[in-house]
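Shared between the two complexes below is subunit A, which pairs with subunit B and subunit C, respectively.
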Partner chain A sequence: MSVLLDILGSVGMWEAVLRIATPLIFGTLGVLLCERVGVLNLGIEGIMTFGAMVGWLTVYSGGDLWLGMLAAALGGAVFGLLHAVLTVVFGLSQHVTGLGITLFASSFSYYVFRLAVPTSSSPPTVEPFRAYPVPGLSEIPVLGPILFTQTAPTYLALALVAVLAYGLYRTPLGLAMRMTGENPHAVDAQGIDPIRLRIGTIMAGSALMGMGGAFLTLAAFNSFFPTMVQGRGWICVALVVFALWRPGRALLGALLFAFFDAFQLRLQTVVDGVPYQLFLMLPYVLSILALIAMARRARVPQALMQPYRRGER
Partner chain B sequence: MTRVLELDHITKRFGAVTANEDVSLHLEKGEIVALLGENGAGKTTLMSILFGHYTADEGSVRVKGQALPPGKSRAAIRAGVGMVHQHFALAPNLTVLENVMTGTESLWKLRSDRAAGRAKLMELSQRFGLKVDPEARVADLSVGECQRVEILKALYNDAEVLILDEPTAVLTAQEAESLFATLREMAAKGLSLIFISHKLHEVMSASDRVVVLRRGRVVAERETAETSKEELAELMVGRAVQRPERLPARPGAVLLEAVDVSLGGKGAASLRGVSFRLHAGETLGIIGVSGNGQTTLAGLVSGLYAPDAGALLIKGHAPARYDVPHAIAAGIGRIPEDRNAEGTIGDMSTWENAVLERIWAPEFSSGGMVRRAAARAATEAIIRDYDVRGASVDGRIRLLSGGNMQKLILGRVLTAGPDILIAAQPSRGLDEGAIAGVHERLLEARGRGAGVLLISEDLDEVIGLSDRIRAIVGGRLSPAIPAERADAQLLGLMMAGDWTAAERIEAEGEAK
Partner chain C sequence: MRFERREHPSASLTLLAPIGAVLAALVVAGLLIAIAGANVFEAYGLILKGAFGSRLGFSETLTRATPLILTGLAAAVAFRARLWNIGGEGQFYMGALAVAGFGMIPALAGLPAPLVILLCLIAGAVAGMILLLLPLGLRLKFGVDEVVTTLLLNFVAVLFVSLMIEGVMKDPLAFGWPQSVPVPREAELPKLMARTRLHAGLVIAVVMALAVWWLQARTVFGLRSRAAGLNPRAAAFAGVPLGRTLVAVACLSGGLAGLAGAIEVMGVKGYVTTDLSPSYGYSGIVIAMLANLNPIGVIGAALFSAVMFVGADSMSRALGIPSYIADVTVALSLLTMLVALFLTQYRIRR
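Coming up: the complex of A and B.
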């Protein structure tokens, strides 16, 4: 019992929660945007891998860290455009297309990585984002180190939550996006092109996914390896349901998952006699339970996964 | 008077098919014009041209004297023409205000002015007597309320001309009545309206002028005051339409008997102590305003629900179980109220829909395998015998028009030769020609000795087809009166719950 309390009482554990949550926040917001306009984007796993690779490679080739993030965002957007063309313009199955993009983007990332870094026993590294203590705020006891001694992309992710929450619920564009996910015919009848809106939103959402991937290679670690996304993309897809398609709850969900993850990592080191794989399972099992609890209240966007064709009902 | 809208010599062809040919139509300020025509006459195409969804091959559209550029979907809205679609273009998970405001502000504005939007919506709502709660979620609204939101959406876009595409197709009779009252008020306040319809009584009661469209052409234009239902029916169909005559009944044994049945409505109104008998070779009409328990009654007889109390006897026996397979095995044929939701599976083929109900019959499957050849042959026979137009055996049934889909359902039910036929709102949403066809089939079934339970809210239909009539009010059934004694006034009283006259008539019948 005291072991648990020690873990829960340590600042290091809570500081890790926000760090672990950051790529999930990016990814969940990305999926959330896509689904809000009615398109499921299962390409996320591959898009995050590609973002991780392209961000790292940009910095490895001498680029600035932020240039790396930008490259990841652009790379994500390109795959987003591919997904959008296939699912929105051609109206193909969103499941199949998304999985295809995940397979393609993952393999493509590794291919490009191998072209750039042909052989090495230990993967080369870059100098990652350093923690940036916010002047003044980081001095606050307990909260300071937890919340305000993070890397810059973490602050960006938190800011994006606020921006998206405001944007979706307080601006005409956000309303049009939500409407597109509910009833694209209604949007079209009001003179807005739902197809262009969908394409643009999917690209933006995929850009966020790419940045989430880049966080892994440019802030959480400092090198790239092909399996590093490790199912985080799928977790994001589930978190969107858990979040009931709201940005604020998406943050909450990402933090909750990150908390389980940070907790089990520390449990592994202190509890003996239990296979560590059981602890690895813990966040996923708890996520499924949380999902079951939340999903009953879900108000799924009504046009999710329905391709829009003009004049057809 | 000023002319607010003119459609001039519009022609539109789709390949070899001419949807509109040289159609001209105009609308004066403050006027209600009915655009009357059967399904497929080109009404919707014409309106789609007005709204820029299609480009006309010839002709022009002018709003308040200004020509609209063809093929621009926003142009008509900007010029002040609003459209209320038959299938609502609403988002169920968003609020009324959000639905109305979508697309009304510049997309790149950083803040949506909801306060101003709400004020404008409330002002319109008051001015035209269209009550809504701006913060209500659309999913929680009734169909009638959704339509109000659709109208307000058009008005919010500053529409002065309002086009309503079959506005009553999804409404109950009461809701339709209140809609037309609202429309008349709107016209009195200076709005100009066109409503598209194939229902004659609506056109007669709500319009100032009628334009009749047949096969893409304007065949007549009449002041409503100077025409009649009969004339309009003939103009619309192109020949005199006669609803079939009902021959005297030869009632036989009791086929179906409900004994004091109570049943909690599953999402619909409950039944409270319902008793009736249905004889072989007769039609029992159940009339009533929607929402009084009709759906539950139809579900009970169809085998969807078991009674909570009381019993439903089929040929004198209570079924072993109250479920659909037992109901079908007992010889009950069902024409469901909502043919799209309950009568068919839209994305499955015609033949699958035609046999699905009896897929376990040896005729259509053996050893767990579907006998496709037999199923397809049966479907072809239905398509041929019941004149289902536009259907192919393998085509998706969703593509059929309402009338043809109903013909297929009728064929499916009647070829099984049911002893008891339950027809719920069988002609809802159908045009004159199709209605006559459905009625003929129902009378035919009765003629060969089936008992027909007809549930409808259409007075003419119930009087025309039934031998005896009961009203359904608040989940209870009125006494039965013979159809010969029925008129609009008496049935109106019965539907309102005043059963004194009906009781007297029933007592007279029994005394004889």
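Coming up: the complex of A and C.
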């Protein structure tokens, strides 16, 4: 029992929570945006992989860390555009298209990575984002090190939650976006083109997914290796349901999730006799449980997965 | 620009769609090869030579196609009923693990080989079924979307395999490598060609494709599963028992994916590791779509993927192009196939 308290009492553990949560926050916000305008984006797993690779590659070839984040965002947006053209313009199955994007984006990332680094026993590293203590605030006892001694992309992720929460609920654009996810015909009647809005939003959401991937190689770790995203994208898709499609709850979900992850990582080192695989299963099992818990309460955007064609019902 | 639905999509266009899709994917992949600095035609020539040029290459291609036919069928039967089984990868591993576990039963030793093989195949299929019935149960009971749950269960399944092969099923003779105890000799599938890895699993896979075709085209179950996919509400009104149909579809789909894993262990590897599958489960989704969910077409699509994978391996050794180009081409052909199918159903008008 005292072991558990030791873990929960350590500042390192709580600091890790926010770090682990960051890629999930980016990814969950990305999925949330896409689904709010009515499009499921299962491309996330591949887009995160591509973001991780291209972010790393940019910095590895001499670019600045923020240039790496930007490259990941742009790369994400390009794959988002592809997804949007196929699902919004052509109205193809969002499930299958998303999976196709994931398979394509991840194998393409591995291909480019292997071209850049033909043979390597240990993947080459880059100098990652350092923790940036916010002047003044980081000196607050306990809270300072936990909240205000993170890397810059983590602050960005937190700021994005606020921006999206405000944008979706307090601006005309946000209203139009939410309406597009509920009833695109009504949006069209208002003189707003739901197709353009969907394309733009999917690109923005996919850019966030790319940045979430880049956080993995540029802040959480310092190198890229295949299969490193490890289902984080799928977890984000589950977190959006848990969040009931609200940015604030998405943050809560990501933090809760990261808490369990940080906790199990530390528990592994102190608990003997329990196979480590059981601990590693925890994130995936928790995601499934979160889906079950929320399935009844979930109010899915009404037009989710329904292609919109003008003049067709 | 607008799209107009064709009243009667022509049969020849529908047949041409996968060919056009594959060609388009090959053109894009060719660009990637060219960017990498190799001669595209030489690269594709080497891929074909690697896949067909020798007895060994040809047998490898067929060996590689075997699990792909089965995972492709698994996805095709599920997608037809709009059951989004993306868990083929996990079901494949559970099927493989079940065979290794089943083989540990001492009573098997005295039985005749055909019986042992049959029992092992059933064990693998049942394990795959169970892993798919779980998320289907969650969908029917709580309304949880099975796409995400089947995807997440893939990771759980591989970790479970890792847990077992480093634990109770660990091979004590494997010098500490995490691999399962080997399957008993009686459970090994007979070889089809001497001195190659090609085994009788290919026959099982082709027979399964024919059986699935028959089930879908000639039985009440086939009609019901199609109706459930096309329009569940209308199907329910017409008296199709949706829940029961989906359970049957899940048993078939999960069973086929589990069978793929079982056959891979019994025919090729002989034991289970966590890298048994180079994402056969996910490739199955591409193959099902390329085949337009047609079970006979699955055989052709699986062959195409196998040619790419086997050929790219040998091309990669010769030209230094990363063999991931095969994965890129196969994934691309899924996207191009979606567009090709769209063009068969719609006309573009100015």
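Heads up, the rule we're going with is that the second predicted complex is superposed on the first by the 313 of 313 C-alpha atoms of A that agree within 3 Å, B and C clash if a C-alpha of one lies under 4 Å from a C-alpha of the other, contacts with A are read in each partner's own complex, and residues count from 1 in each chain.
Definition applied: contacts are C-beta pairs under 8 Å (C-beta built on N, C-alpha and C of every residue); 3 or more make two chains touch, one makes a residue touch a chain.
Treat the numbers as computed from the prediction; the structure is a model and nothing was measured.
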Review point. Can A:107 be said to touch subunit B (first), subunit C (second), both, or neither?
Key: second
Practice item. Could you tell me if A:292 is touching subunit B, subunit C, both of them or neither one (first, second, both, neither)? Key: second
Exercise for review: Quick one: classify A:301 as touching subunit B (first), subunit C (second), both or neither.
Suggested key: first
Study note, to complete from the structure: Across subunit A, the partner (subunit B or subunit C) reaching more residues is C
Practice item. Overlap the subunit B and subunit C contact sets on subunit A and report the shared residues. Key: 310
Check your understanding: Which residues of subunit A touch subunit B in the complex?
Key -> 170-176, 178-179, 182-183, 185-192, 299, 301-302, 310-311, 313
Check your understanding: Can you list the subunit C residues touching subunit A in their complex?
Key -> 2-3, 32, 36, 79, 84, 86, 138, 142-145, 147-149, 151-156, 159-160, 162-163, 166-167, 282, 285-286, 289, 320, 322, 324-325, 327-328, 330-332, 334-335, 338-339, 342
Practice item. Can you check the complex and tell me which residues of subunit A touch subunit C? Key: 42, 82, 86, 90-93, 95-97, 99-101, 103-104, 107-108, 110-111, 114-115, 118, 230-231, 234-235, 237-238, 241, 275, 277-278, 280-281, 284-285, 287-288, 291-292, 295-296, 309-310
Point to revise | Interfacial residue positions of subunit B with respect to subunit A in the complex | key: 48, 53, 73-74, 77, 83, 85, 87, 89-94, 98-99, 101-112, 157
